[in-house]
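Just below sit the structures, each encoded as structure tokens.
Two complexes follow with chain A in common, the first pairing it with chain B and the second with chain C.
Here is the complex of A and B:
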């Protein structure tokens, strides 16, 4: 049980402890890179069966972004698509023996949320310009500017905590059921954790698109 | 020794009780949100896409409240920072 909250250290590299989570992250990264490389090596205008799988993913995410923030689909696709694929894969990776899902570590989810935190002003400034972006902080009245800043920080923390809490809670439930009866009892919960993991990846993606599109929309007010 | 045992009892009780309370009210909220969304989908099936997307975002917001409680009770149970002062 202690191991779930404090992931044990695999080895120490130049004074930096490398935990099981980090090794699992490398495995997930290698899997995604290898899969994309193999499936897009010989791309054809008429897609083969495996190329179709990737096109399905890309088009689904593009469609999602385009629906919520019209005109910005191509711009947000690299960031949002990477987040969706990585989070989805690493949520499910916890079911692979010897791996621990990277998102069940608060450090990973906080890092992902910080990416969104810094992407919001980046896209806001590139699209609207520095003056217009920072003017949106003063939008209803300058008194509310501190609250805008606070809400940006708290929503980052809640983005990280939500993913971490869901995935870690699921893993703890599976571990407890495993202690009770190792053979069959954890199976339904493991199946359910696939569903939860994909839903959480979807929610993280949708929320980051919401935050990004709120930063880039031309202020009507 | 008496005080330490009391501390442990109160910690475990608080962790369990806070989970009970902190799951109850988000569950009520999520149920309300779900029922409203189902009703409006039944009334207007062509708007199912935007409604379910907004529903997911709202449910995620509500769920994070329960997750906060979960995190607090995990801290109480497994990583209680006050234990150091009680058990010297």
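Here is the complex of A and C:
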């Protein structure tokens, strides 16, 4: 159980511990990058079946962003698309032997939430300008400015905790079931965890898009 | 217990690196392919629209040409009708003239024949008168009888003449 909550440290690099989660993240990253490279190596005008899947995924992300923040689909695509792919893959990575689901480590989910936290003002300032972006903090009243800041911090923490809690919870349940009956009992839960992993990736992605679109919309918060 | 350690720095760097790598190897090529396809489709649509417009102009031009041809055809038909009417009238006039000429010719011939007949009749009357004279001379007759015979002869000659004249006109 301790291993699930606090992953094993393989070595320390420049004072930063390289945990099992970090190594698993590298594996997930390598898998995603390699797959992307292989699939997009020869893009055809008439798409193949795999190219169709890729295009469907990209179009779904673009559609999701365009619905909430029209005109920003391509701008948010790298961040939002990576979030969806990384979280979705990481959630199910725990099912692979010797790997630990990176999202079952709070450090990973917090890192992702922090990226979204900083991406919000980055895109807000890029699109609206510094003055317009910070003016939105004073809307509808300057008294509410501290509450806007608190809201941004809490939603970031809740984003990280929601994903971490769900994935860690599943891993704990699977570990317990594995201890009880290693053969068949964990199997339904493992299949269910694929489903919940994708759902969690979707929730995280949608919430990130909501925060980003709120930051760039002209009427402010 | 949840522990936040410095591995979070690794995770942030990892994620940002992944954003860059996926942008380079996944999103950029896919978006490019999607854009190219949509541009190609848009280009095809524009081409079709252009061709549609050209065809529409061609159709309008042909319709205009057809309309002009129809007008020209009707004009030519009208002119032909007018000329035909003129020719018809000329032919009728010519036919009337010819008929008048033929009529006049026949009238002249009839007149000439009547004159001929009258001449022949006069000769006949002379012959009959001679015959009457001969008979009177042969038989003793009273003056009354003689007068009556002459009158009968004259009546007979007149009726013959009338009969002949009537037959000529009918003929």
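Points worth noting:
To be clear about the criterion, the second predicted complex is superposed on the first by the 214 of 221 C-alpha atoms of A that agree within 3 Å, B and C clash if a C-alpha of one lies under 4 Å from a C-alpha of the other, contacts with A are read in each partner's own complex, and residues count from 1 in each chain.
We take it that a contact is a pair of C-beta atoms (placed from the backbone, for glycine too) under 8 Å apart; a residue touches a chain by one contact, two chains touch by 3 or more.
Quick caveat, the model's predicted, so the values are computed rather than measured.
In the superposition on chain A, A:158 makes contact with chain B only, while chain C stays out of contact range. Counted by residues of chain A touched, the larger count belongs to C, out of chain B and chain C. Within the superposed three-chain model, A:210 lies in touch with chain B and out of touch with chain C [touch as defined at top].
After overlaying the two complexes on the shared chain, residue contacts for A:112 are found with chain C alone; chain B is out of touch. Of the two partner chains placed by superposition, only chain C is touched by A:40; chain B is not. Judged by the touch definition given at the top, the superposed model places A:24 against neither chain B nor chain C. When both complexes are overlaid on chain A, the residue A:103 reaches neither chain B nor chain C. When the shared chain is aligned, chain B comes close enough to touch A:169, but chain C does not. In the three-chain superposition model, chain A touches both chain B and chain C at residues 5-6, 164. Contact residues on chain A toward chain B in their complex (touch as defined above): 1-2, 5-6, 67-68, 158, 161-162, 164-166, 169, 199, 202-203, 206-207, 210. On chain C, the positions that touch chain A within their shared complex are 1-12, 14-23, 25-27, 29-34, 36-37, 40. Against chain C, the residues of chain A that register as touching in their complex are 5-6, 15-19, 21-22, 25-26, 29, 32-33, 36-37, 39-40, 43, 45, 47, 51, 54-55, 58-59, 74, 77-79, 81-82, 85-86, 102, 105-108, 110-112, 114-115, 164.
For chain B in complex with chain A, the touching residues are 49-50, 53, 56-57, 60, 63-64, 67-68, 70-71, 74, 78-79.
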